[in-house]
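Next come two complexes built around chain A: one with chain B, the other with chain C.
Moving on, here comes the complex of A and B:
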């Protein structure tokens, strides 16, 4: 399968924080959800994909192209949807269009008006009067109007009401029908991903824990519950993290088969949600 | 094509899809050569991810229920009657096992069960 985004051993160091050795592929024609706790390195990674930050080492390629030689060409093909307002607040959509459109070779006015109409966006009202959902829609309408092949969204559903979130997911699914578009988006709201994501990339403490299809995640990861007497130094190896309580243990495994072999019917094995996975990888402790 | 998916079922979603499409084919509701929706269209209609419908179609293809032509889509494959009979037999076997399990649970004897089956069959 073709990769639209390819990161190879990408490293970026900041004072007291680093993103390390990230190998990430985003497959063409699919939705990849990018999850991780606050401060795990999601935004840093996205900024490197967008060339807003340069990695200290490693390679970033989009559509098989390098930013140093093909920056303009790459940017033409990306639509970036940011969680907060990136436009000039005092302007209306029509003005913004007038500024943005000439920057893109493939800008499509008809499409722009079609989306503003579909999203019920007023063209002559100042952006600062828009609700958060409308700002998101405006940002998306602009991204879609230049025929972006890759849509990158940083926390697109954060702060949106559930109805609008669903609308957005419906819309994203519609965009995926022809198979030529790729979506990469980071989110905290993992239930959104259960519905539309094909691949899940999970980052923690600046390292990529996995990048698997949703099916593989469901086939590998599970919650396991059982009596404390089942745990010893050996059997504990099957788990990512174990939560112990007087009533028994609950643990996350990344290898369902091994757990079935070891414990058989003596444990309860349940589907792990993405939230469960994130929580247990954090060691079950929430650092605020 | 009607498919109903339960999010709370223990059965994985792709399996729910394959099973329902199989039933439609075996019941003759989806005839040989009929186009099934593209996996992307189906994903959108069911509001699930493409990778899930992709998996379902792959399974159906593997088992010979549908075939795909690049650029054209997927179609219901010709069903081998012998094979179909065998598949049905397998389903019947599974259902009978469930019947037996249930019967044992309430202590129904084989004779009683046979009688019951006879009455129902001849009805």
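Moving on, here comes the complex of A and C:
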């Protein structure tokens, strides 16, 4: 399968924080959701994909090309949406279009006005008077109007009301009908992903924990509940993290088979949501 | 590249309405034409930095299909383009108001502008946003206010240099000045590009 984004052992160090040895592939024609807690390294990774940040070491390739020689070619094919407004806030959408449109060879004015109509965006009102949701729609209209093959979004659903979040997800789903499109977006609202994501990349403390299809995640991870007497040094090894309570334990496992072998029917195994997975990984010990 | 230069006009279209009154103010105050040309030249390029020093602008520009070289190039080329336009408009205004001015006024005003630009443009990419405007304003006042007295002080006390300069023929002096300014502008362009390429947003 073709990879649109490929990160190879990418490392970036900051004071007191680093993104380490990231190997990430984003597959063409699919929606990849990028999850992780606040400060896990999602934005840093996205900035490296956009070449806003240069990695200290490692390789970043988009469409099989690298930024040193093909910067314009690559960005020509990307539509971007960031978590905060990056457009000149004192300007109206029409003027912003005037600045952004000539940058792209394949800018499509008709498409742009179609989206502004669909999103009910006023063309002559200053961006700073827009609500958070409208600003997001404006960014989206601009990102979608140059026939981008890859849409990169950093927390597009943050701060949006549930109704617009759904509208956005529906819209993204519609976009995916064109099989050449790829969407990569970060979020910490994991319920968004159950609806549209094909793949989940999970980052934690600057390290990529996994990058699997949503099905694989569901098959590999589960919540296990049982009595405290079942836990000892050996049995604990099957868990990512264990939450102990006087009434019993609840733990996340990355190896359902092993748990079944060890505990048999003495525990309850439940489907783990992405939120459960994030929560238990945050808890610490990594056995995976 | 042209689009990046044109962007300044779109961004500043409201502000541009104040350009003419701004120039007329200087003309009516009977300020020396050289100074009028200098401030006219400074107007657009330095207002542009008001937008460019914001982090969001840099994130936007760098996410669009532009290279960092082009972004800086548009600043330096744009300054020259807008300088030519500003000189044109200012000349017309002076001419219409029957105020005498010479080619030397234009040359010295523009030369000083390029010198000032060469020295201050890199600062916009080195200093933290927010402090820059203050620094530039301060250095401009220094340049205009304290510059001339220092020059005359140096002229009086460093006779070796003044003699050397005084002995140069006018063409040599002008050519030398032009060469020096062009070189400095070019070096400044190169340095800023280098700084900008290493930046993170």
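In this section, the second predicted complex is superposed on the first by the 283 of 288 C-alpha atoms of A that agree within 3 Å, B and C clash if a C-alpha of one lies under 4 Å from a C-alpha of the other, contacts with A are read in each partner's own complex, and residues count from 1 in each chain.
Simple rule for what comes next: a contact is a pair of C-beta atoms (placed from the backbone, for glycine too) under 8 Å apart; a residue touches a chain by one contact, two chains touch by 3 or more.
What you are looking at is a predicted structure, and each value in this text was computed from that prediction instead of being measured.
Peer 1: After the superposition on A, what does A:103 contact: first (chain B), second (chain C), both or neither?
Peer 2: Second partner only.
Peer 1: Considering only the touch criterion stated at the top, classify A:16 as touching first (chain B), second (chain C), both, or neither.
Peer 2: After superposing on A, A:16 lies clear of both chain B and chain C.
Peer 1: Classify the contacts of A:246 with the two partner chains as first (chain B alone), second (chain C alone), both, or neither.
Peer 2: It touches nothing on chain B or chain C.
Peer 1: A:76 contacts which: chain B (first), chain C (second), both, neither?
Peer 2: second
Peer 1: Who does A:53 touch here: chain B (first), chain C (second), both, or neither?
Peer 2: Once the two structures are laid over each other on A, A:53 reaches chain C alone.
Peer 1: Of chain B and chain C, which one touches more of chain A's residues?
Peer 2: If we count touched residues of chain A for both partners, the winner is C.
Peer 1: Help me check something: in the complex, which residues belonging to chain C touch chain A?
Peer 2: Against chain A, the touching part of chain C is residues 3, 6-7, 10-11, 13, 51, 56-57, 59-60, 62-67, 198, 200-201.
Peer 1: Taking the complex as given, what residues does chain A use to touch chain B?
Peer 2: 29-31, 169-170, 173-174, 176-179, 195-199, 213-215, 218
Peer 1: Enumerate the contact residues on chain B facing chain A in the complex.
Peer 2: Where chain B meets chain A, its residues are 12, 14, 38, 40-41, 43-44, 47-52, 55.
Peer 1: For chain A, which residues count as touching chain C in their complex?
Peer 2: Answer in residue numbers: 47, 50-54, 71-76, 78, 80, 82, 84-88, 91, 95, 98-100, 102-104.
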